[in-house]
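Same chain, two partners: chain A is paired with chain B first, then with chain C.
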Partner chain A sequence: MAQIPVQTIHRDPQLFYWILFPITAVMILTGILRHYATILMATAPKKLDKKTMREQRSLLHGISVRGSFHVLSKKSFATRRDALTTAYESGAYLKDPERRGQAPPNPMSDPSSMEGMMGMMKNQMAMIIPNTLIMSWINAFFSGYVIMKLPFPLTIKFKSMLQAGVATKDMDPRWMSSISWYFLCFFGLQSVFNFLLGNDNAASQMAQQMNQMGPPGGAQMFGPGVDPDKQFLAEAENLAVIEHYSVLDGVEQRLLDSIVV
Partner chain B sequence: MVPSLLHPPSQLSPAAALQLSQQAPAVLQSSPSTVSASPLSALFRTSETPDLWAKYENLLLSCLRTGDEVAARQCLERLVARFGDDNERVMAFKGLLKEADAQHNGDLDRVLKEYDQILKDNNTNIPITKRRIALLRSMGRVPEAASALVQLLQFSPTDAEAWSELADVYFSQGLYPQAVYALEEALILAPNAWNIHAHLGEMQYMAATATGAAGGSYNKYMAEALKRFTRSIEICDDYLRGYYGLKLVTSRVLKDAVKPTKQADEDEFTLPDTTTVEQLNELATAKLSEIVRHYTAQDLGWRGYDELEVAAARELLSKDGSAIER
Partner chain C sequence: MPTERDFQISPVVQDSVVHNSRTLINLQSLTASLFGVGAGILGLESYYGFLFYIICSVLTTLLFYVVRVAPTSIPSGKAAFDTSRYYRSPYEFWTGGLLNGLAGFILTWTLFYGLVRA
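Right, the complex of A and B next:
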């Protein structure tokens, strides 16, 4: 089997100064710019009015009663359960009791939920626009030739990724073009941004993608389109099925067994 | 324990608070007076940390306590410079400083009116609501403070701080069942807080021993107090107040020779049998004397107790000892 000869391509050393370095610098600068743009565009969290706060916290109250009912005696738990289920079922904690039983408003038409969507859109835009611009810039100026050789061997599958824009069949996949360098920067600058901007920066794409995967639990719980009345009824049911026990039952014996002076 | 500026100074002894507030000039000098949010300066200077602002807040409180209002004002100025005049927390601190400056009741009334005005504009400003309640209470208008607390808890029932304050207000008025209810709510929000368990035990002990407690409720309160103290020790096995309370309750139960009557109401706690109570009493006595002994010898790992609490435990033990001798 014939040994494939080592390919050598003579490259101008100036390629490093005029292509690799500018692409990296531009990527870092856009990241920083995006970070500050996101901070500037962020709207302050909307203030809750008293009724909404009462609605949300009453539900949380019920949940914490359900979660730690065992610290109470049976009697005090029963008092609380009766009070909470009555209030939940009668809708006493609802923000606007008249609207009970109606379908929740369309999240698209509700101005308060529109704001959240706008925020998401803004973040998306801050991601997409600079990336498109940089990519087209690189494509327009630096496409069609390789700029560097990676110091490690790669399999043939990497060819399409690393040599995007260079259509030569036999070239070693270790040679990479400028657009590949862009992708490497795109995914690899996370630690640089962490160093420059702190840990919770808005410059990194990874963090934003993570956010899109799973929004935080609190937002879902009271988010638009969730009917608080249904939540209250479900919570009342949860409270009703609790079989009470108390952590104080037999605590003396437990203590005497566990503590030796 | 060395007092640290990173913890709220509400529990500190006067000496420790003084020590903290004497650090004020050094702290104020060592950190820059304004923190710029611009990216350029962030590259060259150390960036701000949440610790810094916690330090300023705690320093402010310590300074107010020791009467160093100049330093307190400086802390406040830095907080205002960073968070702005309309931040809810900062507003509460500003009100606190005004309360401290007040010379007579008229001044306090004026501060109270300002709070009312702020609350009229924004009725969910919880720090200011709490300041207003504290001010009402310190001006002696306790019923008003209680009703304001109840209103606050109506729209924010997940606030453990407010529940325990309400418990304390009711307790100071001698309304034991209400106080117990409020403290149970705080316990729901912090189910493993041994200090709240023990505090609840103290309240129930006082409710049981208060004059006018009928036979049935005496048994009920005593049984639950005993269990609460036991639980607090179970969670934190060198908690002095827990042992102290346990000893107090068990001695009382043994002295009164309460019969663990079979109660009609199965829902309530009943006292354990006499042997168990005796064992618990012995345990508490042994552990208390261990704590007192080690604390007096200043052994390593036993120095964290409060001096007054240890003194009280010593007194309880000596009273008990003389009773046995007689």
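Right, the complex of A and C next:
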């Protein structure tokens, strides 16, 4: 089989100064800007009134008692369980006890829940707008240039992705255009941001997308449209079925076992 | 095999686990970018570049073990190369870094390969 000759393309070295460095610099700077914009736009958690706070905290109390019953003695667990179950079932902790049993209000009509959605919208916008802008900027100014060669071979399938705007049929897919350099920056700059901005930065789009996959439990639990009465009843049931044991059961034996004479 | 009860008797603090793995990921993503610089300047191509990356990142993890993990984990009665004092699973410790740093490695590798070999 004949050896395929290596393609060489003579490129103007000015391409590096006028395409590669601008794109890289813009990507890094937008990342930093996005990080600080997210910090500035973050709204402080809204102050809850006393009744709402009591409703949420008492449910959390039940969950913690259920989660760490093993550190309580049998008697004190039973006391807590009885008190919580009674209060849950009678609805003593509810925000407005007279609305018990009615359907939860429509989440769209509640102004307090709109605020949470606005926050999510803002984050989404902070991600989408710069990306769209940069993409169209690169497409408008830098399309059609071949700037670099990848150091590893790729199959022909990647050609349409890497060489968008360069309609040359026989060119090796290793050559890449400016838009593919943008994608490389998009995925690979996380470590640069880690270095510049600290670990839990908001600069990278990748990290934000990860966060959206799993919504935090707290927001979901007390979110709009959830009936707190039903949550209380479910929690009371959960507490009732726990079979209590303590970590101190048989501790004397464990202590004696651990002593080596 | 530890049961649920054993975890309750000697609990694992979630924050510390997160902190430990975050420290490791930080180191790995930073070094991966630097290995990319190295591979680009050396002009490595295709398999040799990836091989260079795998060897270097395993070496980094090994050094991390020797410098940071071993001095306290071996006196506490763990066997050599046992990271269970600080990390959940050995796979996370030894191979987790390969994927974390790959994107950063390819970025800097391509950049410096392009700059040096033009």
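To be clear about the criterion, the second predicted complex is superposed on the first by the 229 of 261 C-alpha atoms of A that agree within 3 Å, B and C clash if a C-alpha of one lies under 4 Å from a C-alpha of the other, contacts with A are read in each partner's own complex, and residues count from 1 in each chain.
Here is the rule we use: contacts are C-beta pairs under 8 Å (C-beta built on N, C-alpha and C of every residue); 3 or more make two chains touch, one makes a residue touch a chain.
Remember, predicted model here, so these are calculated numbers, not experimental data.
> Using the touch definition from the top, say if A:Leu150 reaches chain B (first), chain C (second), both or neither.
A:Leu150 contacts chain C only, not chain B.
> After the superposition on A, what does A:His70 contact: first (chain B), second (chain C), both or neither?
Both partners, chain B and chain C.
> Looking at A:Lys50 after the superposition, I want to know if it touches chain B, chain C, both of them or none. Which is it: first, second, both, neither?
Touch status of A:Lys50: first partner only.
> Now for A:Ala87: first (chain B), second (chain C), both, or neither, which partner does it touch?
So A:Ala87 meets neither chain B nor chain C here.
> By residue count, is chain A touched more by chain B or by chain C?
B
> Using the superposition on chain A described above, determine whether A:Met135 touches chain B (first), chain C (second), both, or neither.
In the superposition, A:Met135 touches no partner, neither chain B nor chain C.
> With the two structures laid over each other on chain A, which partner does A:Tyr36 touch: chain B (first), chain C (second), both, or neither?
first
> In the superposed arrangement, does A:Val247 touch chain B (first), chain C (second), both or neither?
both
> For A:Gly188, is the partner it touches chain B (first), chain C (second), both, or none of the two (neither)?
In the superposition, A:Gly188 contacts chain C only.
> Taking the two structures together, which residues of chain A meet both chain B and chain C?
In the superposed arrangement, which is not itself an observed complex, chain A uses residues 70-71, 247, 254 for both chain B and chain C.
> Considering the complex alone, what residue numbers of chain C touch chain A?
Against chain A, chain C makes touches at 5, 8-9, 22, 26, 29-30, 32-33, 39-40, 44-47, 49-50, 101, 103-111, 113-115, 117-118.
> Give every residue of chain A touching chain C within the complex, in rising order.
11, 13, 16, 20, 24, 70-71, 147-153, 176, 181, 184-185, 187-192, 194-195, 199, 247, 254
> For the complex, which residues does chain B have touching chain A?
39, 43, 47, 122-124, 154-158, 181, 184, 187-189, 191, 197, 224, 226-228, 230-231, 233-234, 237, 265, 267-269, 272, 276, 279-280, 283, 286-287, 290
> How about chain A: which of its residues touch chain B in the complex?
32, 36, 47-51, 53-54, 57-58, 60-61, 64-65, 67-76, 78, 196, 198, 246-248, 251-256, 258-259, 261
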